Amino acid sequence: MSQEFATGFPSVRQIQNLIRDQQAVEVKLMTGDLLSGHILWQDPQCICLQTEDQSKHQIWKQAIGFLKYS
Amino acid sequence: MSQEFATGFPSVRQIQNLIRDQQAVEVKLMTGDLLSGHILWQDPQCICLQTEDQSKHQIWKQAIGFLKYS
Amino acid sequence: MSQEFATGFPSVRQIQNLIRDQQAVEVKLMTGDLLSGHILWQDPQCICLQTEDQSKHQIWKQAIGFLKYS
Amino acid sequence: MSQEFATGFPSVRQIQNLIRDQQAVEVKLMTGDLLSGHILWQDPQCICLQTEDQSKHQIWKQAIGFLKYS
Amino acid sequence: MSQEFATGFPSVRQIQNLIRDQQAVEVKLMTGDLLSGHILWQDPQCICLQTEDQSKHQIWKQAIGFLKYS
Amino acid sequence: MSQEFATGFPSVRQIQNLIRDQQAVEVKLMTGDLLSGHILWQDPQCICLQTEDQSKHQIWKQAIGFLKYS
């Protein structure tokens, strides 16, 4: 695994927590889309968001504006 | 092959599965375009999507907002 | 930590100051969103902005247009 | 030449084929522009598209949404 | 400092001159914003623009469309 | 100089030719702006375009949609 994905970084660790807790999140994309759901997995390039209709959205991190959670 | 394309990463492996199964996917691009079809191949830079009119769309990964599948 | 995150760089050091002082900032994103709040943490990839409704926005640095402060 | 430009990758090889065959292509850019023509050359950063008015468009690959061909 | 920030490159040297001379500049961002002011500092990732209302805008270089000066 | 700026690459060499010949070009940016003028210099990060009003536009290459010339 590359250094950029070291789990010691807060940005990676927070997403791991969101996956573990199956927490509801919102993802705002560069395309303008706002998606709601919970995160199934992440890797250095992508996160996978399952939305309420059970479809999966593989999202490249460079396309994310922000990831919102409470 | 570069480390980023290691097939052990879920983002790469999922696309390999979609190719193998010729599964229907939707691709939302940064341009706002939403394309439907199935993926013919991937490499570290691109995926190639064949749409229903049989034309091929070579899509750079950095231009993808999300890749949706069931 | 990678060289790009060296705290000697003004861009990193300024954000550290904003975190320490819990200073009000505005973040304009590539998506067009303008978010107001204070920064909780940064790492090489992201900053985390807490907005007035106490929700957290994990923002990838490549999605930032500008970070405004007085 | 860098590894990313290795001609063994389908994304590079396909473009080489399009150049050799002077095949008609469409390029959709992140700017929203849709250009039609044939590709004169590629290198790791750019492709050069000659449009029907004989002008040349040097296009950075990171600005491409998709490259469409039959 | 990384090679990309070598002061021998015109793009870096020009900005150093603009800082030294406190020259008026315009910055057009990918967000569509057009900001006017003078540059306080640069590093490999960012420039900091002070606008006429004395607020500071930390701008990531990848978000800049162009930097205009006379 | 980094390998990516090797003058053997057509994308770099073409721009060198445009500079030498002071040739008229159009640059379409990701911001939607279309600028006309001639190129004064390039380095690995930027090109500098002088427009007809004699102002200079320092343009980051990642912000270019296409560079058009005859």
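Going in written order, the chains are labelled A, B, C, D, E and F, and every chain counts its residues from 1.
Here is the rule we go by: a contact is a pair of C-beta atoms (placed from the backbone, for glycine too) under 8 Å apart; a residue touches a chain by one contact, two chains touch by 3 or more.
None of the values given here were measured: they were computed from a predicted structure.
A.B. asks: Please report the smallest number of touch steps linking chain A to chain E.
C.D. replies: Between chain A and chain E, the shortest chain-hopping route counts 2.
A.B. asks: Relative to chain A, which chain's C-alpha centre is the most remote?
C.D. replies: The most distant chain relative to chain A turns out to be F.
A.B. asks: Please compute the angle of the rotation superposing chain D on chain F (C-alpha atoms), rounded to a multiple of 5 degrees.
C.D. replies: Copies differ by a rotation of 60 degrees.
A.B. asks: Pick same or different for copies chain B and chain D, depending on whether their interface residues overlap by over half.
C.D. replies: different
A.B. asks: Between chain B and chain F, what distance separates the C-alpha centroids? Give it in angstrom.
C.D. replies: Going by mean C-alpha positions, chain B sits 32 Å from chain F.
A.B. asks: At what distance in angstrom does the C-alpha mean of chain F lie from that of chain E?
C.D. replies: Roughly 18 Å, centre to centre.
A.B. asks: Could you state the distance in Å from the CA-based centre of chain A to that of chain F?
C.D. replies: Their C-alpha centroids are separated by 37 Å.
A.B. asks: Residue numbers in chain E touching 2 or more other chains?
C.D. replies: Correct list: 29-30, 32, 62.
A.B. asks: What topology does the chain touch graph have (line, ring, star, complete, other)?
C.D. replies: ring
A.B. asks: Reading around the ring from chain B and passing chain D first, what chain order results?
C.D. replies: Starting from chain B with chain D next, the chains run B, D, F, E, C, A.
A.B. asks: Show which residues of chain A lie in contact with chain C when the two form their complex.
C.D. replies: Going by the criterion above, the answer is residues 3-4, 9-12, 14-15, 28-30, 32, 61-62, 64-70.
A.B. asks: Help me check something: in the complex, which residues belonging to chain A touch chain B?
C.D. replies: 2, 29-33, 35, 41, 43-46, 48-49, 54-60, 62-63
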